[in-house]
Amino acid sequence: MDGRRNFLKTAFATCSLLAGSKLLTACTPIKKVATDEETFETFATPDALKGMPIKATFLDEISWDIPHQNWGTKEWDQDFKAMKKMGINTVVLIRAGLGKWIASPFQCLLGKEDVYYPPVDLVEMFLTLADKYNMAFYFGMYDSGKYWQEGLFQKEIDLNMALIDEVWKKYGHHKSFQGWYLSQEISRRTKNMSKIYAEVGKHAKAVSGNLSTMVSPYIHGVKTDQVMAGDKALSVKEHEEEWDEILNNVNGAVDIMAFQDGQVDYHELYDYLVINKKLADKYNMKCWTNIESFDRDMPIRFLPIKWEKLLLKLDAARRAGMENAITFEFSHFMSPNSAYLQAGHLYERYCEHFIL
Amino acid sequence: MDGRRNFLKTAFATCSLLAGSKLLTACTPIKKVATDEETFETFATPDALKGMPIKATFLDEISWDIPHQNWGTKEWDQDFKAMKKMGINTVVLIRAGLGKWIASPFQCLLGKEDVYYPPVDLVEMFLTLADKYNMAFYFGMYDSGKYWQEGLFQKEIDLNMALIDEVWKKYGHHKSFQGWYLSQEISRRTKNMSKIYAEVGKHAKAVSGNLSTMVSPYIHGVKTDQVMAGDKALSVKEHEEEWDEILNNVNGAVDIMAFQDGQVDYHELYDYLVINKKLADKYNMKCWTNIESFDRDMPIRFLPIKWEKLLLKLDAARRAGMENAITFEFSHFMSPNSAYLQAGHLYERYCEHFIL
Amino acid sequence: MDGRRNFLKTAFATCSLLAGSKLLTACTPIKKVATDEETFETFATPDALKGMPIKATFLDEISWDIPHQNWGTKEWDQDFKAMKKMGINTVVLIRAGLGKWIASPFQCLLGKEDVYYPPVDLVEMFLTLADKYNMAFYFGMYDSGKYWQEGLFQKEIDLNMALIDEVWKKYGHHKSFQGWYLSQEISRRTKNMSKIYAEVGKHAKAVSGNLSTMVSPYIHGVKTDQVMAGDKALSVKEHEEEWDEILNNVNGAVDIMAFQDGQVDYHELYDYLVINKKLADKYNMKCWTNIESFDRDMPIRFLPIKWEKLLLKLDAARRAGMENAITFEFSHFMSPNSAYLQAGHLYERYCEHFIL
């Protein structure tokens, strides 16, 4: 109890001490958080950034570079509950498979491709949980990891066409099945991949009664592996020109464009987002931001991002008029259930900021 | 309670929905796990792999590349309890020392080599715990880290001869002291080291009334540092020829051969394991698999492996007729007590699968 | 209860078993730790090193390479409590800012430099907590990250001169404000930076009624990035000569010299520490050791250090006559609240050893 009185006393003392300074024109109300035993001042600064809320997350179970948490249904159930509490209403399966690893026993892949038989039907599990928590689920496509080269595109398209048919027939009855995610992450170097987007996206919409389709490309910026290895980053103007061409190719096949926000530096982000919004408007797409909740600036690749960095990016997204924010991804990097305990504290900071 | 009813309802619905499909010829029983409050369906797939159980683990306290957990006796006691619950009956000290670091105040090393005086007698502690939990303990040899070059082998042999004498005299009274581990991890590049195996192994057996000796070499495969740096991986046939020669050198000195299973790709593993079994049979050895429970495929080197990958490897081992499985290693990568919380979830998935 | 009896029995058995051996001249008392339910022997070795206690820690919130924990005031309050319990009486803000990131809304930086507006006033928070827990707080300077080159030094000096004035005016009333930390980490390669030390240090002392100033340089040893990249490590003699010159340059501006202890190998440390003490004595400084509590020897850069290594370094520091030990840093690497759970166990080993 002594602790609490100390803090309150300090809070008021600070307030009167600074009352005449340039820093505060009026006495800023002191933000506080309560625990069972004590009340703590947050020491929030008077002009702290606002940001915009995150309403969606990827589900990264068939992972490229993020170690697995080995959760079963019980743990996933708890995590969906935590998402919901934070305001998340949409979950997006990052991909149905990558190379030999697949999320569910898809017959069309087990028969044709050299894939491992999976122990769990993740798609059924995620849909069941999304139904339970009243969320929207987007199904991410299969990424062969090998048919990206010119001349092999058609194979990647054919596999996904068959997969869409099988998946919609088997899982389409779930009320939460509300969209498709075109999982191939393209950039300027792989722009011919946009043909995959177009064909696959149109087919997915056609079989499912026009459900929404999403893409999440990345900017060829200073934090891409290519640029870190010596390549030149794309200027804002070059970015606009290249993507104008790419988006023209996929017109009518993509409803939501959610650029990844981590490949450019924090102070550069706003300018790129403004262009993304302009392009989305031109092609009649919704413009989301894919806000990365992991930290690209540390030698451990990757742990949860610092709250200050997340807030900076959420504020740039707000100012640039993004229509929604999806994070990559909640369960490792923002969840109170994450094996990375920094994630749970990021969740607390986020909830504290948005007063959840 | 609502949650549970939802899940059960979904489970039966799924069952009847699919009853006529090719996917299920009969209605597969739904696997469930119970918690205090709810029952959760596991969403196990109908043809999920079986695998074989893990009955042994290394103890990696004098570590090469795995950060320490800083456990005292209390934490180790809890961990032995968790091992026992999972079915582990054998613990193997990975090494008595590595370079300047040693596991216990061995007089024969403190006197002759430039080693640090250790704060804890780990060998006494591990033997005491193995006694308590009715496990077998294997003592791993000292690895100087510097006498591996041609011409210096004899020094490594002499040090370990003296160590065996001292250790058997001091710790041999423990009922759990049941074997020796020849800790030098050899591969084709270091096959002359097999001389160490032979001499040291024979001496250890001689002083201890013929206790078992174990080795755990590695395959010169695609995930070794050497091959990742440009060297050519060994084919299955080359692997067989080279190891036929090496095993001939150590005939009579080694009772258990437990190849590490992480240096080859998942789909290659079975073929190598079949050869290992054939070779073990030829030289009258027991053939175990050393199943790595850490993930070699991620940028963080290393965190716990994905359950699906572990199960794939355990199933390849089962099909190839391995006689036992030892993991590297329980306490960091599979334990509910691990600092890596993914490990605790791997433990849960393992126990769930083997219905423990 | 059975467990406890077992352990005690073993303890006495071991004692009588060894009573006549060379290992123990008298029967060493068995060290034990108690939990709620059981008593555990520690298996401490008879001649275990002593070490010296750690009384200070850095606060690494504006971090260079350590991922953030995303703590709020509540979590920091708990952490100061844990520090206090371990005997820490001094906290040192590692830096007021680094490049665009700053710890508090410093007007002199927000106006002139391209910095981000911070969400929290960390300086006010840390001072409030240091007041509450009766600790001393040292304020670390701003590091621009870009004015280190010859010819730009004056800019770094000017920024810090203005910062000192602002900070002392705004925060100087706190009873815990008791010193300054000159945060630029220099070594032989950057020795011209000592001009910054001298000018900034003198100004800080002048405005604050001669509060203490601290530096924490590093030895150009085998574990620096430079030497690992091919550069030659500095011998003990070269180290002495170069630092004699540097310290001569900063005479009168620095009160405490706390060399980082992690860039040399464990067996080399003592010799360097002896020289550091000699140099500190010559220039009338206090000689502390900056004991790194993270592990530089592992592929994950960085997790908490092994207790044995920490103890080795604390013992070298004790023998070399260090006057105090500050760690980099408590909250990530030694704290029971750390996201790295190995840190909590390091805390337990430390407290057990020093019987806290």
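Letters A, B and C mark the chains as written, and numbering starts fresh at 1 in each.
The working rule: a residue touches a chain if its C-beta (ideal position, glycine included) is under 8 Å from a C-beta of that chain, and two chains touch if they have at least 3 such contacts.
Here the structure is a predicted model, which means the values were calculated and not measured.
Copies chain A and chain C of the same chain sequence form an interface built mainly from non-equivalent positions, shared numbers / all numbers used being under half. Rotation relating chain A to chain B, from a C-alpha superposition: 120°, rounded in steps of 5.
For the pair chain A and chain C, the distance between C-alpha centroids works out to 37 Å. Counting only residues that touch two or more partner chains, chain A has 300, 341. Interface of chain A with chain B (complex): residues 65-75, 77, 100-101, 104-105, 107, 114, 116-122, 124-125, 128, 131-132, 170, 173, 300-302, 339, 341. Taken in their complex, chain C has these residues touching chain B: 3, 6-7, 10, 14, 17-18, 22-23, 33, 35, 38, 40-49, 266-267, 295, 298-300, 303-308, 311-312, 340-342, 345-346, 348-349, 352-353.
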